[in-house]
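Each of the next two complexes has chain A plus one other chain: chain B in the first, chain C in the second.
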Partner chain A sequence: MLAWGSLSKTDVIAAIAVIALLAVAPLVGSRYIVGIMTVALCYAIWATSWDFMSGLTGRENFGHALFIGTGAYTAGFLNVSFGLSPCWGFPAAAIVAVLFSLVIGIPTLRLRGPYFALAMLSGAVVMQKLSIIFSETTGGQDGLNGLSPMLRSQVSAYYFTLAALVVTVIVLKFIALSPWGTILRAIRGDEATCQAAGINVNFYKISALMISAAFAGFGGALYANYQLQVGPDLFDVALSINIIIMVYVGGMGSIYGAVGGALLLIGLTEGLRSFSEYRLWVYTLILILILFFIPNGVIAPAWVRLREWIKGRGALFTRRASA
Partner chain B sequence: MLDILIYGAVISAVYALLAVGFTLIFGVARILNLAHGAFYALGAYCVYTLTANLHVPLVVAAIIAVLLVALFGIAMERVLVRPLRRLPPLAVLMMTLAVGLMVEQILLLIFGSEARNVPSLVESSFNFGGVLLSGQRLLAFFCSVAILGGLWLFMQHTRLGAAILAVSQDPEGARYMGIPSDRIFSIVMGLSAAIAAAAGVLVAPFQSVIPGMGLLPLVKAFAIVIVGGLGSIPGSIVGALLLGYTETIVAFKASIEWSQIVSVAAVLIVLIIRPAGFFGKRAAF
Partner chain C sequence: MSALLEVEGLTKRFGGLTAVKHVSFALEPGEITGILGPNGAGKTTLFNLLTGFMRPDRGAIAFDGAPLIGVAPHRIVNRGLARTFQLTRPFIGMTVVENVIVGCLAPRVRAEGHTEVRARDMLDRVGLGSKADLMVDALSYGDLRRLEIARELVTRPKLLLLDEPFAGLGTSEIEPLAALIRELHKSEGLTILIIEHRLREFMQLVRRVIAMDFGEIIATGTPNEIVRHPRVVEAYIGRGGDDLEARLGVATEVVRGTA
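The block that comes next holds the complex of A and B.
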């Protein structure tokens, strides 16, 4: 477990506190709030999986919705068209999303520049249009309806999503802290040097995309199972862009920051409901202010500061005790 | 056959207008400007407000609209983009994205989501060997070609154009030669915004003017620029012709729905076969 070395006790305690807080939420919140929070947790899974590939290697993916949508549609097809139990949807969704990541990743991740971003963006748009053209099988604009729920009650669905998020973050953070993750970060820093050091850069980038796609597809299946409905808007450019904004606000490359960003922005959109028609305008205004004044993101840098502060106080106490 | 030829030419010309501005600001300042679609929408809405609410004559309104959007582009570059240039490129990308979303929201707040109508400058239709073409489409074609020609003359025969080309070829070298690259970035952003606005103004009479009208042109501009090669102006014109004609052929022979896939599928194919695009320099990646 060498990889966990760089995590301090403060980090672990804070993580457990946040999980506990999220676990208590359904006991106090209304049905409506629990519903919003389940969706927010799905977004958090998508955002962390985006951050794993793009935050670590610095190759921005502008079509993450491609993996989410294919995952959700896979789960939907297996359940609605083939009548399989919803449990099969999760592994199948991850596998199909990984296949798509290979199709786009292998030709375009060799290239520097915005090509990968654009290929992902257009891949998602193509899938969205295809899902509307082949409306006999995909249900067109309405999508697939009437998925049979895996969990009966809303609260158990919430806890299932929360557990999935926790596992996702632990696995992705573990890889990110391992030597493997160090190589991914090195690729972001200087790709040419990595190549000179004999690292097969393309292999690492493509496998990072595969892992990212697997979790995004899984998250898509989770969302489909919660909403009991799959539609072409799961391929939407707006969804991909929303995810990028969440990670950006959370702080890129930290994995946990993406979770914070997702919860913060979903909370913000809900909080701005009183502005009614000005809601999205205020949202974009806040976004511009954040991008301008806090370009490194909010959640992850804030936590790093807070941790330093806690450690500083701790050091002060121990020094006093020893004196 | 003739109808494909004529309609394809009109679409290609407008696409070229959109793509040239997009590729210009990328080639010079390395900015992937996701607010480009917003410039296009702003141009159309400016003309609408000036003619419908302030009763300005159409030609004057068109010129004022282009100038206003150019000023908006320059202001965006100076105030929001320039301070972020020392950060990783994603910061600038996110900022242009946020500005694009914001413009759409503001248009939605002021004008609502229903489509607005902008009057045509030329009401009559023309008949080309049995193909009926509305005067506004014909005007859009000729204006687009004129603007592209003007841009070419400007780039080739003025000192400012030469400076812009120099910055796009080697920003550092250009700075050593005493070219103020920051000011060039502003000017190019203004120019690119003006060209996008002109495209918006020209198509406004025969397109539905809605707040979200900029998204599809942005994706198209992306596609054309990838096919032609990022940063290459001749490449983006050839890309526009290719995409414009392919879309028209698919729309006539198959359906409108499939024609919308063509541009994005073309991007995927070109990226896989020849990622630099047909005219892009290999140094670009």
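The block that comes next holds the complex of A and C.
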């Protein structure tokens, strides 16, 4: 893994430029495009929250959909079954997802080996089955329908999701650059050495999972509020795997790369619609090529190179000016 | 002055093998002590027991007056007992200075703040100042050893355990590292316990040697006494042969590294 270092002025300017681009998109795009982009922004929140825990500490989570699904269903239940305002769904979704992260994280994160990854994977599968078995309360395969929208217009929902993503990335990147982030990356390096340096690795791993779950649950509620529908596919293994692929393509451990990975892959899925039944073939082929030839990912490493190039040009320019 | 570390009847079994058998010793503050023994004598297991990475089957450890059995490794470090690993285990993917910063973030010393300044000062002390911003993958074996020591020293230990710090180092790297250890001992009054399987590196460094074989302490004394101790000779050369003097001669050569 590469080290992403600290934040420079160039990074901040680039981030503002990307946010500005995303902000003007609804002004030029069609309703359909705005819809796709809202979903893509939800994926970006899920991917960054996955990257925060698994990208930094190296403990792969194969069931991120568990947090997304529980968050989405929590928001759905509060709104549909209890008639609460959609606003309550967001904090409740985050809290319930954190509770699930504790149930799985506390027993499995202290163990070496694949237990954590497997427990997350099976946790998501179990919840998916439960949501089908208890169909009287959960709506079974159809899920919960008819959530009352928090925001009337589609464009305002887009902006709300964008704002949520910006806050997510800022918070997670801030923690990743703080001493906390240094410790999480050290855990990825070697857990025993961390202990020998006096660090309580279990505390940091479990806390990182809680933070990751909170944002994923929040993102799940966001998705539920946008789709106005919650279904068992939100617990699906395919969703968990998709999120992992997005982070890999974006560049693990960089936080912002995951956003790029999510937007890129959702864009790719849409762009390949013209291939109709061959779409999955082409999509998979492109992914395999990326993972094979650019194992460090595309977005974050590309930005690191571009930043170096900009700095080089800048230095050249000032040298010329002073000469 | 009471002992900094007291070990009493420490025993650890792995299945049928007793890796550490009724080991008892004590370390006075400010001492440099060596643990000598052939490969498989139980030296590293002893370190793992002392630092909480393994739990002994029997016995007691007291550090600074408080028992250590059943205390988690990171808590032991925060009480002032730090260790290095025989195979250096740096945080891959991070810079040299970041590796040391992690040690500065241990609860014991975190409140001191200025983590990066402290980390860089420590790297200067161990002679890695110019390499602070390199990725850790770029360091040589000898430099990784220095990095290990730096990462532990920033936690301000009272007792530092070094697990074969000279293993795998070239002759040109050994003397500077030994000088560094001597210097740290002199300037900080740090108590140090070193594992080695060759006596040669010990001669100049250590005042007292605890020799182990098959998990047991077989002799204790100054390096010169230990070289001539019949049980140590036996552990290294084996039993048999008739001329003890000849075997002692060989033993001296072996442990001095000339054979």
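Worth pointing out:
As a working rule, the second predicted complex is superposed on the first by the 318 of 323 C-alpha atoms of A that agree within 3 Å, B and C clash if a C-alpha of one lies under 4 Å from a C-alpha of the other, contacts with A are read in each partner's own complex, and residues count from 1 in each chain.
Convention: a residue touches a chain if its C-beta (ideal position, glycine included) is under 8 Å from a C-beta of that chain, and two chains touch if they have at least 3 such contacts.
This structure is a prediction, so every number in the text was calculated from the model and none was measured.
In the superposition on chain A, contact of A:G231 is made with neither chain B nor chain C.
In the superposed model, A:G251 makes contact with neither chain B nor chain C. In the superposition on chain A, the chain among chain B and chain C reaching more residues of chain A is B.
Residue contacts after overlaying the shared chain place A:C194 against chain C, while chain B stays out of touching range. Taken together, the chain B residues at the contact with chain A in this complex read 32, 80, 83-84, 87-88, 90-91, 93-95, 97-99, 101-102, 105-106, 108-109, 215, 219, 222-223, 226, 230, 257-258, 260-261, 264-265, 267-268, 271-272, 275, 284-285.
Residues of chain C touching chain A in their complex: 51, 53, 72-75, 77-78, 82-85, 89-95, 98-99, 101-103, 105-109, 115, 135, 151-152, 155. Taken in their complex, chain A has these residues touching chain B: 58, 60, 104, 107-108, 111-115, 118-119, 121-123, 125-126, 129-130, 132-133, 237, 241, 244-245, 248, 252, 277-278, 280-281, 284-285, 287-288, 291-292, 295.
Residue ranges of chain A in contact with chain C, taken from their complex: 1-3, 179, 182-183, 185-186, 188-190, 192-201.
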